[in-house]
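Each remark here refers to the structure printed beneath this line.
Going by the order they are written in, the chains are A, B, C and D; count residues from 1 in each one.
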Amino acid sequence: MAKLVSLADGVADLVHDGDVVALEGFTHLIPFAAGHEIIRQRRQELTLVRMTPDVVYDQLIGAGCARRLVFSWGGNPGVGSLHRFRDAVQHAWPRPLELEEHSHAGMANRYVAGASGLPFAVLRGYTGTDLPRHTTNIRPITCPFTGETLTAVPALRPDVTVVHAQRADRAGNVQIWGITGVQKEAVLAAHRSLVTVEEIVDELEPVPGQVVLPGWAVSAVAEVPGGAHPSYAQGYSVRDNDFYRAWDAVSRHRDTFRAWLDQHVYRAGAVA
Amino acid sequence: MAKLVSLADGVADLVHDGDVVALEGFTHLIPFAAGHEIIRQRRQELTLVRMTPDVVYDQLIGAGCARRLVFSWGGNPGVGSLHRFRDAVQHAWPRPLELEEHSHAGMANRYVAGASGLPFAVLRGYTGTDLPRHTTNIRPITCPFTGETLTAVPALRPDVTVVHAQRADRAGNVQIWGITGVQKEAVLAAHRSLVTVEEIVDELEPVPGQVVLPGWAVSAVAEVPGGAHPSYAQGYSVRDNDFYRAWDAVSRHRDTFRAWLDQHVYRAGAVA
Amino acid sequence: MSERSERTIRHRGVSETNAMADWTADEMMTVAAARQLRDGVACFVGIGLPSTAANLARATHAPNLVLIYESGCLGAKPDRLPLSIGDGILADTADAVVSVPEVFNYWLQPGRIDVGFLGAAQLDRYGNINTTVVGGDYDAPKVRLPGAGGAPEIAASCGEVVVIVRQNPRTFTERVDFVTSVGYGSGPGERERLGLRGGGPRLVITDLGVLEPDPVTCELTLTRLHPGVTPEQARAATAWDLAVAERLTTGEPPTARELAVLRALEATKHGGRGEPRRPPP
Amino acid sequence: MSERSERTIRHRGVSETNAMADWTADEMMTVAAARQLRDGVACFVGIGLPSTAANLARATHAPNLVLIYESGCLGAKPDRLPLSIGDGILADTADAVVSVPEVFNYWLQPGRIDVGFLGAAQLDRYGNINTTVVGGDYDAPKVRLPGAGGAPEIAASCGEVVVIVRQNPRTFTERVDFVTSVGYGSGPGERERLGLRGGGPRLVITDLGVLEPDPVTCELTLTRLHPGVTPEQARAATAWDLAVAERLTTGEPPTARELAVLRALEATKHGGRGEPRRPPP
């Protein structure tokens, strides 16, 4: 059974310096509040894993939590570039950032392999691109029946995965609906998991399109209403597009970013 | 868009002598009516594929439609043996039946590979069992990252997959809920597909736990109320356990089976 | 195999004053299996005796037992015995219903399931199981059985395996005719050599008693008898030279409550024709 | 890249009597792209110009266009422009919402999607695309771009690819600094040698005109100009020696209806703060 915890306790217990950490949520249900708590607890040397390292990872990278990033698309969706990500890659600020870069199909399959207890996944992908030149984690594999060459990628097994969901019950069963992305796979691929939810309820009323993660497959659940802001939680909130647009200016310069971080993360409480 | 057809026309158009045919449905939603129509149209030399060749395949095998069976568990669930299947294997009646035998995990992954456009799937399976001695379709594969040996099975790509579902709309979008088994994978793995449904409706009201197959991924839909009997369609009918029990006696002897076939299939209309 | 025992031998219970102290060997076997399930563990359940035992455990000492059915029902909580692994009651009461590929790939294969319950048509001294063919050879068998189903991977990947099987010399055989599911293979170290990650058979529960693998040799050893059964009966029901533990114990008979709950569950296992079509929910 | 064009050059339309005959180069590009989508096809849509073009097509000549978004929304029918590939309106209106692994594995990879729409930061004469790094080398680039996303496999597996990109010599480059997504590689036969099963780029639609691969050489060739654009402008906006088709045509300007629908769609693309929490449905 998942433990019900506060966000601060959940991060303190489950996210350690040097960990491989995945925060997932595909545009929808991005665990921003948990990201801020990781920054607030000043985690260091993290390997951050995420298909779409958007604003939440721009913040973690700019705050200096990350040593390495494993990803497939790093931008501010619908707005433009991630300036903190760029500054780290182009100028090693606030510290150098190693990159391991994949395609979405590759990352999704790496989580699938992790969730499946397999050491690798097979896909038709990457062929002819320059991506395999820059990592040893993309390799050819031959079909033992047809002789055809396909592509293999190793399983992702994060030390801890953090996701946001709409609801959980008191046994820690987690309910997600709307765009469910790669969250189930990311949680099941990880050694530990923390789920922040809009609310904890007595009974999970079934909802069309739901994914339910049984409580016995989750380490801890924390009630964090609005924990996806400025992303959204279908049925609870809508995306704060103004925030994403404003982030472009906030993040463009190191001093405005640091001022934002100081005011909105370090001095803020557990809830963003 | 899927065509809306009668069951007789759907089978006539989509199921041909010599085809590799998968009828799927895991206890729930077994396409019995379609199976009977295949018998009535006297299809020959079929390779029948199914994880659980239960009563529906006992009928097709006893009727002489099958040359070969690819499967993972052949029994009458909760009752006992399949006598027509046994008679074919043990006494080549009414004709010899070649077997290709797998585990459930292997068969499910073979459909996944087929649905994914991959030539094979990888799993932890079969190791140490005698299953790999009897088919060339179970082979070792080495992880290109860890060197670990796993098991590969080739994709299943049926010529045609037939499933039963609760509802479709007029564009042929198919809605399935309850135990959804391996139906999505079996349909997507196939070159052609026929879906029988309890009813065709104007609008598919969303239902928790639903799987929706878009009409453009399905070849044809036929309205066949009760088309899963004696299996069941959640929300429409319950399993006819008496039928499964009675099948044991009906199928035990060739003459009682033939009498049943004559009365309930050959002389019956399109709807079982 | 029939779900209902065809044995009708009845054992006289320990207490003459208890009106429910009559039980069948199958009831004792089911109760003994149920007792092995600790509360809160996740258990991969096949239909028949395993499902009855698991549901008995959930209705008695293990209310938080997590029942996993290969049809994709995770955490099913049926209030009657399901009639198949795809019974609608399983989907209706499950915490989550997932696809069949998912139940094998995301839930069984990575070792998330603590206990796997298996039956057997043949079993050898190392707990290897045959449910495929008996007699003759594979292509022309004397008896064609249903085959593997989920068993090979349940046997490989669950934390541990509990086998429930009636004991007789045809079933408890020197050598299985076909290895459908691996127990300890040919002995110590074999599971590791094969790369099987689950622990293998921890218990074999029969209508006569309980067998456990010897910690050194992995050979199944009689460690417990059901009340009223003698070691000689167990040895006579075993085709190999059955090892008997030095400290052979006798299990407790079914309690009145266990029997009452078990019989109430069995009474829900009636048949029935399909009801006429109902409107969808 | 910004979703909104930063170009403000306006072309004078063909009809002085039509009050809507003023259009921007981006509007012309979007309309030209929308026109390429035949009704009923399945189209893998990225956010920005591709999404605008696809929704314009669906609102005009192609009501049965099947929009697939990499967030897992199959057959989305938004009545406004989604603001991201994971906009709630996509899930709310989709025929089916599937997981991200499923959209790539079951839908894109087997070749079920007819058309893939891609953008580009750099593009070469064989339609190879860079969206990863520009300048310097990979480890110390001059400009770090977002990277691959879904593009490599969209480019590999869709029946055909349509690229939408503004034309200028920095973008239309002799050699891309990084091959993120393969067009025709180094020329004829390369896709087959690589085992790519989709057809590759069929059209490149720019703010100046349309390029198509030469059927023999695979080299992108200017085949159509938007109204008011000269071949010299297109050649000047291309860093390589741009081939021009013998029969170079001029496209039709946007119709009043196309412009009206496009602008109505664009008007729905407002921002907005997150609304306060609402109760769940």
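The rule is short, and it goes like this: contacts are C-beta pairs under 8 Å (C-beta built on N, C-alpha and C of every residue); 3 or more make two chains touch, one makes a residue touch a chain.
Since this is a predicted model, take the numbers as computed values, not measurements.
Visitor: Given the touch definition stated above, what is the smallest step count connecting chain B to chain D?
Guide: When the steps are counted carefully, the minimum from chain B to chain D is 1.
Visitor: What are the mutual neighbours of chain B and chain C in this structure?
Guide: Output, common partners of chain B and chain C: A.
Visitor: Considering A-C alongside A-D, which chain pair is linked by more C-beta pairs in contact?
Guide: Between the two chain pairs, A-D has more contacting C-beta pairs.
Visitor: In whole angstrom, how far does the Cα centroid of chain A sit from the Cα centroid of chain C?
Guide: Result: the chain centres lie 41 Å from each other.
Visitor: Taking each chain's centre as the mean position of its Cα atoms, how many Å separate chain A from chain D?
Guide: Those two chain centres are 27 Å apart.
Visitor: State, to the nearest whole Å, the distance from the C-alpha centre of chain C to the C-alpha centre of chain D.
Guide: Roughly 58 Å separates the two chain centres.
Visitor: By the touch rule stated above, which residues of chain B touch at least two different other chains?
Guide: Counting only residues that touch two or more other chains, chain B contributes 117-118, 123-124, 148, 184-185, 207, 209, 211.
Visitor: What are the residues of chain D that contact at least two other chains?
Guide: Correct list: 105, 109, 157, 197.
Visitor: Taking the top-of-page definition of touch, could you list the pairs of chains it picks out?
Guide: A-B, A-C, A-D, B-C, B-D
Visitor: Quick one: in the complex, what on chain D touches chain B?
Guide: The contact residues of chain D facing chain B are 40, 42, 64, 66, 74-75, 95-96, 105-106, 109-112, 157, 197.
Visitor: Which residues of chain B touch chain D once you look at their complex with the stated criterion?
Guide: 1, 115-118, 173, 184-185, 188, 211-217
Visitor: Within the complex, which stretch of chain B touches chain A?
Guide: Residues of chain B touching chain A: 117-124, 137, 139-141, 143-146, 148, 150, 152, 154, 206-210.
Visitor: Report the residues of chain A in contact with chain D in the complex, numbered from low to high.
Guide: Per the stated touch rule, the residues are 26-28, 51-52, 71-75, 77-82, 85-86, 89-90, 101-105, 108-109, 111-112, 123-131, 133-134, 148-149, 166-167, 178-182, 184-185, 198, 207, 209, 211, 225-226, 229-230, 232, 234-243, 245.
Visitor: Hey, which residues of chain D end up touching chain A in the complex?
Guide: Against chain A, the touching part of chain D is residues 1-3, 47-48, 70-73, 83-88, 90-91, 97, 99-101, 104-105, 108-109, 132, 138, 140-153, 156-157, 178-182, 185, 190-191, 194-197, 270-278, 280-281.
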